[in-house]
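In what comes next, chain A is part of two complexes: it sits with chain B in the first one and with chain C in the second one.
Up next, the complex of A and B:
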């Protein structure tokens, strides 16, 4: 029998229409004779694997393993399909519905608060984002093998960002809703690509070249802005921040070259790519993003090869570069000084961080309420400092809750990717989690003065199309990994009536 | 150079490592959350009350500021229907609590009106209460504060304070650590703030009790004494012949007259500088510094109820003469009157340091009580026996030593006088200090009197302390 399986399992997915190797009928006969089975009576065959019990292919596999007699080819392709088009879990429904209610009420309040035409637009936008959120959380995962929980949590975070933006800056809020809709498209494309791609080589090479290509654009066409030159305005495309989008290239490059190839020389392309990105980002003075790239590369390197001496060497190099950066750039010195004691210059260098701290503390545990307070006193309140604004409006408890949601998202991402049987998808998932996690930590800890401030956006919450698109695309990658793992599991059930770990 | 594993095992290892790294990252998130909670809990109130917070002034437009009352319910400050801040009708009371209450514009940054604006302006009002107010259409009103201070006692202190002098008087209940009076002179009238603003030299807007950093003079000998009791052996055999002169390094510590042979207790009672200078050379910077540190010197006071400036005791071991001077509270040692009162409370409480309280009750607009902010847990900073011994020494000061003018007829008073030199010019009077408390548990009052350039502590500060204690006992606070 194992021989037969090898013949069929070629590493690719079986087609749905194919019947499993063993004839289903014969096994079913067996199951009927074993009428003593706990749920043998009643609806007989269908009762074996009722979809409402099987919310997950894993659970289905467990069920199959528990009753090996039924298992051998006991699941038909049709039944499997019904398993996959499963009902969403209760927590997912809860989160999705709560998000929808939150968005509806929030946007209506925002409109009432601003009482302007732009505010009225956000009421119309309810009709866009609420169905979009419900559709992507509840319906889409059933067809695209996306992870419903991740989708629901992502939608929740985006919803919080949009509602906050709509109250403090209605114009930006409305633009953010459009970016959100666009980013969902990016996410679906990424999900489909990762699920169905079988050759990553070409894609990775393409992403790397394209990444470097757009990353140099700000150096050529960009304008200095807040001490950095990381924005570029292109005809047709509008203005965007390439360093956000190139994160996707970096994740792919790291995962591909660190998984398939096992020598340092073969890993070089990814390391070189990261190095070039870092260099360009340094030239653009976008040190926050450079730090994200650097730390992600370092941790993905460690996860991939576990070579502690080399990882330490990389870390020491990073510290050296940081010290050099501190010596070379005056604004880095100011940032560090303002982290140590912002009160030394409360109206100058320390103004931003102090205003953030005052906003957070003024919010209290439960917040001043939507549209209350004076968030616009904080420079960059709509992007980098949105966490402080959210804490002011929704309260400190809500802020902690948001961080917990991020933590859950990261945990779920890594748990999903570790279901995978290939190091490439596993590293892809880990790299995504590292990028998102490091960025979230850096900006949150910076806003509350735990670490020196680095001007990066808060994933999903901050205003900015590039940032949202990049984050959602990364979430799409995670969905793709989940989908792949699921398909592999489906194949496992089809082929041997169980699942291989 | 294949340094990575291959095959199924490699995948398992990668899975393991990716989980490990993500748990590390979750650890960072947990750290962020922990720091977030910590900083908001510790500093949150101070940040809200910060003069750079634009929300305070903004909130005043929507919320009616609550009342400030003293412990017996006398209204010290309130917001009228015109939206303006009004104060007590009696000018005496207005002036004697002026720095404690402060003003609504934040000119007195440590005043209750500014520092506790988060209550007065309803930042602590819960969502439920706010929604209820919005539904009933009631005007939003902040909480009212009942302070622990007594306006009557404050007025009395102001009356009794030597006229024309500047200074500070703190009265505390050492059992509850409540501040019963904080009077700082010169005072200002909040109704006529311009007069005070026009004379910045006087520093009327400053609360000298909590913001005034003075050399503590001989009152610091309490600290040196505790250090000696804790760290030196056979103290009972200690004897020192005071010749009125003790050479240290290139300088010498002098005394107006020779005290003769002194044991530790008589040296403390007579406030003998030379004996303590000699003691300090035995103890050294580190030991005195340890004791001073335990008693709150060099500590960043983060009291919940009020802002108190940090007292300092140098621990950099500059020179023997600097050590000698600092052991008698001169040189670079600086302390606030409130801090010295806290040290007296600590000895009265047998070595237990309690965080001072200024808020007596927080009353919501609806009339119910809000839970007071938590204060730091009481901590034992000196041992029971040491505190007991110090109390006996301090009683001796009032019975037989420099502080006899502070003695009360029916109560036992323990205390220490101080006359802190502030200038090399002998014609400039020293700052007069008296720190002490009533030992009887029926009248648990501690007092700290400071009269700037008031001359001798025993002659000028001690009588005022006696009057203040008597008044507090009489009022049964």
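Up next, the complex of A and C:
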């Protein structure tokens, strides 16, 4: 009976406090007192959570857990507590453990494949990647209010990429592990920044200026590579792809200037920034990345203002630009022709797409096995075409489920973003989801010949420090949004005394 | 070694398929459960997702009958478009008529179109910023709605930057060139923020 359960619960609280809840400073009582004090003193103590508040919620959740299914006012304390719980629950633990098992077995097999024995190198790799994955999935979310599910899924995707790279190209695999460890640092910084930052104006301006600054570097110092001039090699930093890092600037600029329901003129700085980025990328002939920037801008614009005519106008403009690009650039014509019929030039322009399709088909449903097959026949098998390699080695079912993992990651990002109370943080989340989603779609669809191939990396899987750093930083932004939403939910539940109802 | 490796890699392939299936199902379950819980909690405890509500009092239409409650998020748009955060099915109302945000116990409303928007009887022009307190009556094209900000609602956790109204527009409002509505509502005063700050400073000095 609900009434009886309420009595049990209230009784427990009263026994603990030995005073009536309001007098003893229950969750509600404390917050009200704090609120009154803060109004009097002018300090913002109203929204501050104290450790005892969390203890109250946890204890209440534990208490109600003994009688599952009980409801008070339609919402159980367990449900309330689940919204603000920091401890990872069973699905997340399962994903983290399965990822650890996958990485351990995969790296041991990769070592056996390349060195004919499981040596110290593979043990060292396992000793680095597995604890890092478990730590970031299970322990770090408790301290940084990160979303444990997103972290676990990201770690799994990175794990798949590292295992595949260690099998087909061990040297690149080792470098990828290093990049993964470094990019986790970038993720944590982004998470902390978004969670605690309240003034975005200066940061956005700085990121925009820095973004334009590093985006022009390849035009000055870069060298032509595969028809594009988008890489730059610096003395201390090594070689990196600036357009990957500028995605962070673009996400911030779009979110900041599109937030708060601004007018078109007030949105202009972000639109101009995107336009300049697109122009520079066109000059570098990095059309794939330019397309990601363009579609992301259009998506965030639509989400921000919901203006269908202007969005359609932008889309039509994009189609016009694509037609113009097709007529201007010879390599675009070749790619479109190879997309339409790769068998017209099987040893030239259509070679890579044909090899990718053959690899996917030869993998079958369950794959040829790790290290089996001939992935090295595919050009760029370690970055652009890694999805074909995965399908060949792990099978098409694994490939489809891998895309499902991406879809869930994006779905979760969108869900967390929609809980945000600020349009700015909401658009940050949507911008991130758009960037990652469009990039994943473009490369996957390009590999399976659904759309013309564009030279972009597969997020989290492909080899490349810049790409991984950029993607993990974007995931850090999502963690920050999740942390903010969790703090706001805590405020909503605890200040209202929601647990007592 | 090769034969053993082939067998092991095949077994690992099957195992990987099972593992990723388990991962997808777990993630799906967690995502959906979490989403359902959030929706349920937000429905029961509105202050988690909403800052307050507007109750239609007078001049309601069929779709917006008297007594209808419209929930207000912490910021958003008000208009006739279904994509707005507060949808008013009122004839001759712009798709996006105004935008608003809730700051503490005040709701700020800025019309962006020339609709007949009044707050406690005072007409707002596009660009005017009205600060509405609990009990303020918002009239949009003849439909009167009473504002109720939830008690003890946490508001925004920290006061983020306020990019909604440009400095020039604020200055215009404060100098009285616009409508100059500082604070409207039952418990509010009609002084501008600058005036209030000056008064507070004087009091502090005293």
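The rule we apply is simple: the second predicted complex is superposed on the first by the 402 of 501 C-alpha atoms of A that agree within 3 Å, B and C clash if a C-alpha of one lies under 4 Å from a C-alpha of the other, contacts with A are read in each partner's own complex, and residues count from 1 in each chain.
In this text, contacts are C-beta pairs under 8 Å (C-beta built on N, C-alpha and C of every residue); 3 or more make two chains touch, one makes a residue touch a chain.
If you're wondering where the values come from, they're calculated on a predicted model, not measured in any experiment.
Of the two partners, chain B and chain C, it is C that touches more residues of chain A. In the superposition on chain A, contact of A:369 is made with both chain B and chain C.
In the superposition on chain A, contact of A:357 is made with chain B only, not with chain C.
Of the two partner chains, neither chain B nor chain C is touched by A:184. In the superposed model, A:264 lies in contact with chain B only, and not with chain C.
In the superposition on chain A, contact of A:377 is made with chain B only, not with chain C.
Contacts of A:402 after superposition: chain C is touched, whereas chain B is not reached. Look at A:433: by the touch rule set out above, it reaches chain B but stays clear of chain C.
Residue contacts after overlaying the shared chain place A:450 against chain B, while chain C stays out of touching range.
When both complexes are overlaid on chain A, the residue A:410 reaches chain B alone and has no touch with chain C.
In the superposition on the C-alpha atoms of chain A, the part of chain A touched by chain B in one complex and by chain C in the other spans residues 262-263, 305-306, 366-369, 404, 411, 421-423. Chain A contributes residues 31-32, 35, 44, 46-47, 73-75, 79-80, 82-83, 89-92, 94-95, 98-99, 101-102, 105-106, 109, 112-113, 116, 149, 152-153, 156, 198-201, 256, 259-263, 266, 305-306, 366-372, 393-395, 397-398, 401-402, 404-405, 408, 411-412, 415, 419, 421-424, 484, 487-489, 491-493, 495-496, 498 to its touches with chain C in the complex.
Within the complex formed with chain B, the residues of chain A that make contact are 262-265, 299, 302-307, 346-347, 354-355, 357-362, 364, 366-369, 373-374, 377, 396, 399-400, 403-404, 406-407, 410-411, 413-414, 417-418, 421-423, 426-427, 429-430, 433-434, 437-438, 440-441, 444-445, 448-450. Chain C makes touch with chain A in their complex at residues 1, 5-6, 8-10, 12-17, 19-24, 26-31, 34-35, 37-38, 40-41, 43-45, 47-49, 73-77, 81, 83, 96, 99, 101, 112, 150, 152-161, 163-164, 166.
Within the complex formed with chain A, the residues of chain B that make contact are 1-4, 6, 10-11, 13-15, 17-19, 21-22, 25-26, 28-33, 35-37, 39-40, 43-45, 47-48, 50, 52-55, 58, 118, 123-124, 126-127, 130.
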